[in-house]
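Think of it as A, B, C and D in the order they're written, each chain with its own count starting at 1.
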Amino acid sequence: MLQTVSESRAVGETQRAAYRCMLRARLLDDKFAALYRAGKIHGGVFLGRGQEALSAAIGVHLNKSDVFAPLIRDAAGRLAFGEPIIDAVRTYLGSALGPMRGRDGNVHRGRPQAGYLPMISHLGAMVSVVNGVLFARRLKGISGIVGVACLGEGATSTGAFHEALNQAAVEKLPLVLVIANNQFAYSTPTNRQFACADLADRAAGYGVESHSVDATEFSVCIEKLGAAIARARAGHGPQLVVATLLRLCGHGEHDDAGYIAPEMKNSPLGRDCLKVAEEFLLKKNLADAAQFAVWRSEAIREIEDAVAQAQREPAPDPYEEKWSALASEKLNELREEH
Amino acid sequence: MSITYLDAIREAQAHALRDDPRVFIYGQDVGAFGGAFKATKNLQKEFPGRVFDSPISEDAMIGLAVGAAIEGLRPIVEMQFADFSSVAFNQIVNQAATLFWRTQVPCPITVRLPFGGTSGGGPFHSQTPETIYAHYPGLIVLTPATVEDAYSMLLEAVAIDDPVIFCEHKFLYRHLKAEKLPTEALPIGKARIAREGRDLTVVAYSAMVQDAKEAATELAAEGWEIEVVDLRSVKPLDTDTIIASVARTGKLLAVGEAWPWGGVTAEVISRVTSEGFGLLDAPPQRLNAKDTPVPYHPNLWAAHRPTVRSIAAAARKILRH
Amino acid sequence: MLQTVSESRAVGETQRAAYRCMLRARLLDDKFAALYRAGKIHGGVFLGRGQEALSAAIGVHLNKSDVFAPLIRDAAGRLAFGEPIIDAVRTYLGSALGPMRGRDGNVHRGRPQAGYLPMISHLGAMVSVVNGVLFARRLKGISGIVGVACLGEGATSTGAFHEALNQAAVEKLPLVLVIANNQFAYSTPTNRQFACADLADRAAGYGVESHSVDATEFSVCIEKLGAAIARARAGHGPQLVVATLLRLCGHGEHDDAGYIAPEMKNSPLGRDCLKVAEEFLLKKNLADAAQFAVWRSEAIREIEDAVAQAQREPAPDPYEEKWSALASEKLNELREEH
Amino acid sequence: MSITYLDAIREAQAHALRDDPRVFIYGQDVGAFGGAFKATKNLQKEFPGRVFDSPISEDAMIGLAVGAAIEGLRPIVEMQFADFSSVAFNQIVNQAATLFWRTQVPCPITVRLPFGGTSGGGPFHSQTPETIYAHYPGLIVLTPATVEDAYSMLLEAVAIDDPVIFCEHKFLYRHLKAEKLPTEALPIGKARIAREGRDLTVVAYSAMVQDAKEAATELAAEGWEIEVVDLRSVKPLDTDTIIASVARTGKLLAVGEAWPWGGVTAEVISRVTSEGFGLLDAPPQRLNAKDTPVPYHPNLWAAHRPTVRSIAAAARKILRH
């Protein structure tokens, strides 16, 4: 398909934007890993290494009025959707000023009122919540929006995934369900998770459209996600995207991923999408080495500033904490403790 | 004209749909069919585009409701039977119940649970899961015992900013009748003295309130004056009203249709003894169902749960202490 | 495919056997409906009217050593699997001598130690239990067996269905999952239940084989179920059977099914499989009118005898009831009541 | 050599696999990886064909275990975290728990739940769901508090003919150590006097037993002798041992890490006051977690749950009554 000059310029801008989110996400993840090793983070640290292209490709195609339910490996998509780095850092460091105010941590963050849904840990559970937001928007007469829910291939084994995808199909909601098949669910390989030839084969059984994408291929990834999101936005109902990649880290930073065979790491699947993206941008003259260096140092400064700031910020104070899970003020007066 | 408990539930939903454009109803067969118990009869016709049949996907039903609540709507979800909420358990306790606390965004959903035993219902159409929901932080659990409360509490449930588990007793659906719908009501979280007395406080909720009142009538013939407290809401639980009653009577029996381990009766006894120990002049007692699934056969069923007779017997034992 | 004489004789025998189970099931269901109207049954009554061909076609291909998890409309399959009529009657009438001894009722019956699993009400929940039996048999070194789980099309919307079918596929268990698409789940039509063109399209997404069958066609039904069950038995892994039919009754006997459009009832889908079977057997000279009359009167006598017997039998006695849900005797001593 | 609570759990499973060919293990990442907490480390290698990785399908995991139990096997299912058992809730309470009662066919499955709070765990990796399982008839719920009990109770759990919810505290995994594995043990259903005293009975279970003992040590310095009862099993609950202790001390504090509404502490207080009212010379008290999800931040987390300090403070209040 031929592109006009302005179209191809727009594509180039999107690619540059996506790359910058990938880079910022990678550096942010590296920082969290370092803080983890230094004992500065409580609980787990979960990285998106290898998944940045896919995740950024989602985020760059979303508008502020869209809905996004990222998962544990979506730092890049979160940034692309507009999450400020300080939100991520505050959540990991438990700052009282973060969006979760120390009540929840690490990847469990979001701002529901902004269409940015904070995951609960139970895999698959967020998809129907995205459906609900989309359903409500439709009831309110809002159209032209989409909702993206992210899952790993392991999460496709949950009942919640199935119920929600089917529900979206029945309601013909503008849901884009992105499955990152990164070959492992924690240590479990795909042959212990499903037996179909390709997870994209599931789409027909729900009556939804499907898209397969090699998520190590930077430009293809951006293009395909763009297409899937556009289909949903145009009213063609739910879109199932199945992306293939390899997790280039442990499940969490506590895990050395010794169970991933070297052959797999050395296969095309094991390519680092960030490197692929850099090569692509260089080749297409969308950035040069100097530009990369600037972006990198800008990102590092932004991250370091955020960390320094969050570390100075107050931790949540148990004595000021209200210790109630209820929104209704009048019911709080009745609450008892013992 | 007389109005049943079931009518009241239908009317409250009609009222909510009429008054509040944010309200919609979602559940299996709730549309043209009007629901398995007809609690949404004609609502789809009266309120086009506001009442939706769902697939048999309880987990996703609650998920969708939470998403809609995030957008500011006020969904009412009907579970076909309370028993089937077990497959929505995760979305209720981990998604809906934690949302406000985690994000400060309220989650005003109402989950209607047709619950409780009826003869012939058996192990999977009779359950009373109020305890498991009350145990989790972030949920309001309501158990109306009268036609009036079924109406006004459901209206309040929809208005409340928190997720509400609304336990409607299937036996009361057609059994309880009132002359008219109420125009005022006690606030959520307040218990009600369903019958006054000074010899013994019987705390009950949902269908057991009726049985407790009948037992009180039976005991009145023997000269005892039994006070019956209708909890109305099991979470929050109105300890003050219970303790004030025990202060008058000195004696306490807590009655529940649920299983004996944990649950409402344990919570009631435990609160009263912690906070009002000195008021008691006899050991407080509980009466619950037996610790087995709910039996199908009417003979077993009647013996499994508290009855007017067993409540009266338990009361007599305390009174003679 | 050409059949030898003895093969075709065997097929004829299977067809006669299937028909007899269908007839007995229909008459038994009619009796339960009558007892229900007469107020002799507590709780609901659920009929298999229109589904007898499918259900019987399952049962006649199972051996005693196979596993069967029927659902609410499977009276015919239960009989074909070997359930004595008295078990059904005792369960509906709450006899203390029935397999559920009055503790559970109506369609919630079975004998797990005989591979005949008693359903819990929660739709989809039995499928993984069948998996477990098959998994255990494999661990014990038993092969050549199959397990059949029955579901309605409405139950395909449950997470339990999905998890279990996927689990069976991963373990390559000899599971035959039979979906009776009878067009309604209670009052809900299929377009509010799923959006795929055909539920058989789901098979590819699990990596299992699929079979579609018109369940109003008696002989085709028997043949196709036979083929599916044989594939599973021969080690080809899970088989998904999607059968098309119309429920020729209400959801339960309390429901007049006024929501089913007359056009649908009058369409080929609305044919009565029992009539189709009779015509088939007549045409193939596998039975004549006299034979039908004998079978019918035998079945009626058997049912009437069973009802008379069960009605004379003791109801469960709450005073003799142990009121414990535990198998461990020593723990029962500790149990408390209050 | 010293053995941790986690080692004990691994050893008990090795022992069960070795001694009983009917035992197998099924769970996410339990195979070559040895489980998220390494509780099944090397077991797949040592017992080929007996340890299986499952898909992320908690509902089907329990279903499969029930089917295998029907066939006479004795599956051990590991949930990766207790919190995720919420999506298996239906199969646990409605399938596994009802099987024996409905059919007389036992359902000997053991569901291992790595449970309880650890700093930084947050709302979905810290839960203590013992109450919801104990509420349903047909389940045994065990909460070992020592290395020895982790070992012997897990062995007994596998041997028992009923479904067992085995709550292993994640904080104790590496924190508790013993010199050797026990050769004998109290039977399931018996509580243990973890520390003797005559001034106050503190009833606790799981990780709270350690905190209660430390609080007792603190109070000993002030001259108080605190008796600590370790419940070991929350269902069945050993009322006799608790009441015998209260008979000696006259005072009761029930401590639990779970949420305040309902639950073990309510059940304990309620039983003691119903059956041993006259033994109490002060109002019995409870100490639970706060009624919110479990917070992520260590500061909030430490304030959310009972601690040595808050147990000691609650005890002092009762002692000064």
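In this section, a contact is a pair of C-beta atoms (placed from the backbone, for glycine too) under 8 Å apart; a residue touches a chain by one contact, two chains touch by 3 or more.
Note that this is a predicted model, so its numbers are computed, not measured.
S.K.: Average the CA atoms of each chain to get its centre, and name the chain whose centre is farthest from that of subunit B.
M.R.: A
S.K.: So how far apart, in whole Å, are subunit B and subunit C when each is placed at the average of its C-alpha atoms?
M.R.: 36
S.K.: Averaging over Cα atoms per chain, report the distance between subunit A and subunit C in Å.
M.R.: 44
S.K.: Any idea how many Å lie between the Cα centroids of subunit B and subunit D?
M.R.: Centres of subunit B and subunit D (C-alpha means) sit 30 Å apart.
S.K.: So how far apart, in whole Å, are subunit C and subunit D when each is placed at the average of its C-alpha atoms?
M.R.: So the centroids are 40 Å from each other.
S.K.: Among the residues of subunit B, which are close enough to touch at least two other chains?
M.R.: If we look for residues of subunit B contacting two or more partner chains, we find 54-55, 57-59, 83, 86-87, 90, 94, 97-98, 101-102, 123-124, 137-138, 237, 265, 270, 274, 285-286, 290-293.
S.K.: Residues of subunit A touching 2+ other chains?
M.R.: 100, 103-104, 108, 120, 122, 157-160, 163, 166-167, 170, 192-194, 324-325, 335-336, 338
S.K.: Looking only at which chains touch which, which shape fits best: line, ring, star, complete or other?
M.R.: complete
S.K.: Can you tell me which positions in subunit A touch subunit D when the two form their complex?
M.R.: Those residues of subunit A that touch subunit D are 41-44, 94, 100, 102-106, 108, 120-123, 154-155, 157-160, 185-188, 192-194, 259, 315-319, 321, 323-325, 335-338.
S.K.: Can you list the subunit B residues touching subunit D in their complex?
M.R.: 59, 83, 86-87, 89-90, 93-94, 97-98, 101-102, 123-124, 131-132, 134-138, 235, 237, 258-259, 261-267, 269-270, 273-275, 277-278, 280, 282-286, 290-293
S.K.: Within their complex, state which residues of subunit C touch subunit A.
M.R.: 157-163, 166-167, 169-170, 172, 191-197, 199, 201-208, 237
S.K.: Which subunit B residues qualify as touching subunit C in the complex?
M.R.: 28-29, 32-33, 36, 53-59, 80-81, 83-84, 86-87, 119-125, 260, 265, 285-288, 290-293, 295-300, 302-304
S.K.: Report the residues of subunit B in contact with subunit A in the complex, numbered from low to high.
M.R.: Result: residues 24, 49, 54-55, 57-73, 75, 87, 90-91, 94-95, 97-103, 105-108, 137-138, 140, 160-162, 187-189, 236-239, 270-271, 274 of subunit B touch subunit A.
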